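The same subunit A turns up in both complexes below, where it pairs with subunit B and then with subunit C.
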Partner chain A sequence: MSFFSTALLVVRKDLLVESRSREVVYTALLFAMSCMLVFAFGLVKEGQVVTDAAAAILWITIAFAGTLALGRVFDRERQNETLRALLLAPASRASIYVGKFLGVFALLVMVELVVVPLVALMFGARLFRHPWLMIGLLAAGSIGYAAVGTLFAAMLARSRSRGALLPVLLYPITVPVIIGGVRGTAALLGPEADLAVARAWLMMLVSFDAVFVTLSLWTFEPAMTD
Partner chain B sequence: MQRTFPLLVLMCIALFGYAPFLIAGAPYESTMGLVQKIFYFHVPSAIAMFLSAFVCGIASAIFLFQRKPGADRVAVSAAELTVLLGLIVLVTGPLWARKAWGVWWQWDARLTSSLVMWLVFQAYLLLRRFGGPGSDKLSAAVALFGAALVPFVYWSVNMWRTLHPTTNVVPSLPPPMMGPFLWCMVAFLALYGVLLAVRVALEERRARLDTLYLALED
Partner chain C sequence: MTADFDTLTFAGVSRYFGRRRALNGVSFSVRAGEVVALLGANGSGKSTLLSIAATLLAPSAGEVRYGAGTAGEGGAALRGRIGMLGHDLYIYPELTAAENLEFFARLYGLDRVQARVEEALDLAALSDRAHDPAGSFSRGMRQRLALERALLHRPRLLLLDEPFTGLDDVSSIALRERLARERQRGAMALVTTHELEAIEDLVDGAYVLTKGRAHPLPAGTGSLRDRYRRQLQA
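Right, the complex of A and B next:
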């Protein structure tokens, strides 16, 4: 079986399981909304949103909800004892990684589909003024975050204290992606959208994606082999 | 190793013992004055930290792909030293910044990225201690990502406009400042070498002790 058909099978399986229970999507979405609620108290002063706060709220919410989803995606594999079966399958480890990564990416996109309009609505952020750049930033940010997140969540799946360790590992490593997303989005949100700055941050995000995806693909196989 | 070790320690003591005299003798920088002398410890410890992160990353890659337990022992030792040197950098930096910029901390690219790199290696150590079985390979992957951040931290000052001086400062030092700087550079690199050798030797003894215990139980 070719590399991509294996990866697609893994994504299909994950999305099918998810579409039956919808557990991760619902939890992540509800969590994202509670997250926004908490930020609203810290970052809104006398009815006015603090400058650039909308960009920060958007990306931190996505990152937090993403961590929750990542933990659950691999908890499910562990609870059903399917992680070992998946790794024993006669397929390359890298294709399994790509499948899992695409599944996590799809979950992040689902969360973003709800969170982006909500942030635009509730914090008065003009997120849809330059839709293509915004989509580019969101896609590049999610790819980088999902690439690193999938790698570490998979490796931590067998560890005892994974719930505490995943955020500790994930946030420092993915912080360049979050910074790129926040600064790029903030450049688009000002009274005068600064397209050059937003494009520069998008390029930055794409180069980080390249580094992160390469490193993850490279380390997944030896790290998941006993 | 055991015979050359006291010699190396003596060399380090001599290097660090004479460094304050050299630093005191170096000329004052025209705008910052006395506080600029932190530079002679701040920059060498930062460069040693970068070196240590690279050592940790390369050793981790060797451990991941060739399964050499010796490489893992080097990686653990280098990760600990990266955190230690990072602590020196992050203490001397704000001390200098308070006088030069008027603030202890500034969220600019260099400072933020250094802090991030330091946190990644802290996470490495945390994982080593609390990760349970299999955490050696997991932490090796963390170290690869940490080492990948080094070029980013190094060039961050040239890519963005930051308060932190750029990497052009060191090559353009006037000769009376260059001498003490190079002396401190050698001192920190020698200290790093000695500490790494001691730490690796300790790990090797631990590993040998473990195999002896296992042999005793069989």
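Right, the complex of A and C next:
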């Protein structure tokens, strides 16, 4: 079976499982909306949002909801030890990683489809003024976050303190992704959008993605064997 | 190295978890067509040894040889000749019995997927529940499904961790018959169990794991459990 056929088979299975339970999407969405409400109470005064706050709120909400989704996706594989069954299959372990990564990325996209319009509405952020650049920033940021998150969540799947360890390990490593996403988005939200700065941050995110995906593909097999 | 093999050899296999030694120089062989029982108290290293045989854990010292090669040399093709049934059953409760089998059949790159799935459902006596979620099954039904999942690709090496736990008499007899058929086909099996009566007539040899070491259970008079007790008291 080819590398991409295996990856597609795994992501299709993950989406089928999620479509049956809808547990991860609903939990992540509710959590994201709660996050935004907290930010709305804390950062909006007399109808005015603190400068650049919308960009930060968007990316912090995505990161927090993403961590929740990552934890649950791998809890599901741990409960019946199905992760071991995947690793036992005569398929490249990197292709298993890519399948899980694509599943996490798809969940992040579903969260973003709800969170982005809500941030635009609640904080008056003009997120749709340059839609393609915004989509590029969201896609590149989500790829980087999902790439590292999938690797760490898989490595921690059998650890007793995985709930505490995942954010502790994940957030410091993905700080460049969050900074790139926030600065790139903020550049689009000012009275005059700074497209050159937004593009520069997008390129930075793409570079992070290349490094993160390569390192994750490289380390997944040895990390899973022991 | 070809993917297939007819012997499994543990040569001085040790495994540490931090400073704790789970296995200490385990050495023995299993040949095609043999069923070997791994006996021992909880925490004696049986599941660790199965995980090493499954290539999911690397030994800290010593090596495991599949025929003439090692797990590193065999890679993915070697994993395709191994079937494992863990204490946790390696099936997705949200998916139906047929979807579980189909997913793993495709993951193993098997041909005639639908025919194999139907055959496996038949052998698991689950044809009439094929489209029910596996999570709605009883322990015995899930165990039968999990066993057929592990056997879908007709593995040479079968690793079974406590396969009789929670089974009623009918399911237990069916599992014994299924294992006997696999042995006849030329599969070799390593089975950990505390249900010694269930495997009494099935095993060709047994090893007792004590403090990480594997001691062969001597042939002699009495049942498997009697011999096991005598070994523990020796």
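Operating definition for what follows: the second predicted complex is superposed on the first by the 226 of 226 C-alpha atoms of A that agree within 3 Å, B and C clash if a C-alpha of one lies under 4 Å from a C-alpha of the other, contacts with A are read in each partner's own complex, and residues count from 1 in each chain.
Keep in mind that, in the parts below, a contact is a pair of C-beta atoms (placed from the backbone, for glycine too) under 8 Å apart; a residue touches a chain by one contact, two chains touch by 3 or more.
Predicted model only: the values in this text are computed from it and were never measured.
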- Is A:87 contacted by the first partner subunit B, the second partner subunit C, both or neither? second
- Partner chain in contact with A:1 - subunit B first, subunit C second, else both or neither: second
- Message: A:21 in the overlay: touching subunit B, subunit C, both, or neither? Say first, second, both or neither.
- Response: second
- Message: Tell me the contact category for A:43 with respect to subunit B and subunit C: first, second, both or neither.
- Response: neither
- Message: Quick check for you: in the superposed arrangement, does A:33 touch first (subunit B), second (subunit C), both or neither?
- Response: neither
- Task: Have a look at where A:13 lands relative to subunit B and subunit C in the superposition and call it first, second, both or neither.
- Result: second
- Enumerate the residues of subunit A that count as touching subunit B in its complex and touching subunit C in the other. 226
- Item | Contacting residues of subunit C [partner subunit A, same complex] | 54-58, 76-80, 82, 84, 86, 88-95, 99, 103-104, 106-109, 133, 149
- Message: Can you tell me which positions in subunit A touch subunit B when the two form their complex?
- Response: 148, 151-152, 155-156, 158-161, 165, 168-169, 172-173, 175-176, 179, 211-212, 215, 219, 222-223, 226
- Message: For a test of understanding, state which residues of subunit A touch subunit C in their complex under the given definition.
- Response: 1, 6, 9-10, 13, 16-17, 20-21, 79-82, 84-92, 225-226
- Message: Give the list of subunit B residues in touch with subunit A in this complex.
- Response: 64-65, 112-113, 116, 119-120, 123, 126-127, 130-135, 137-138, 140-142, 144-146, 148-149, 152
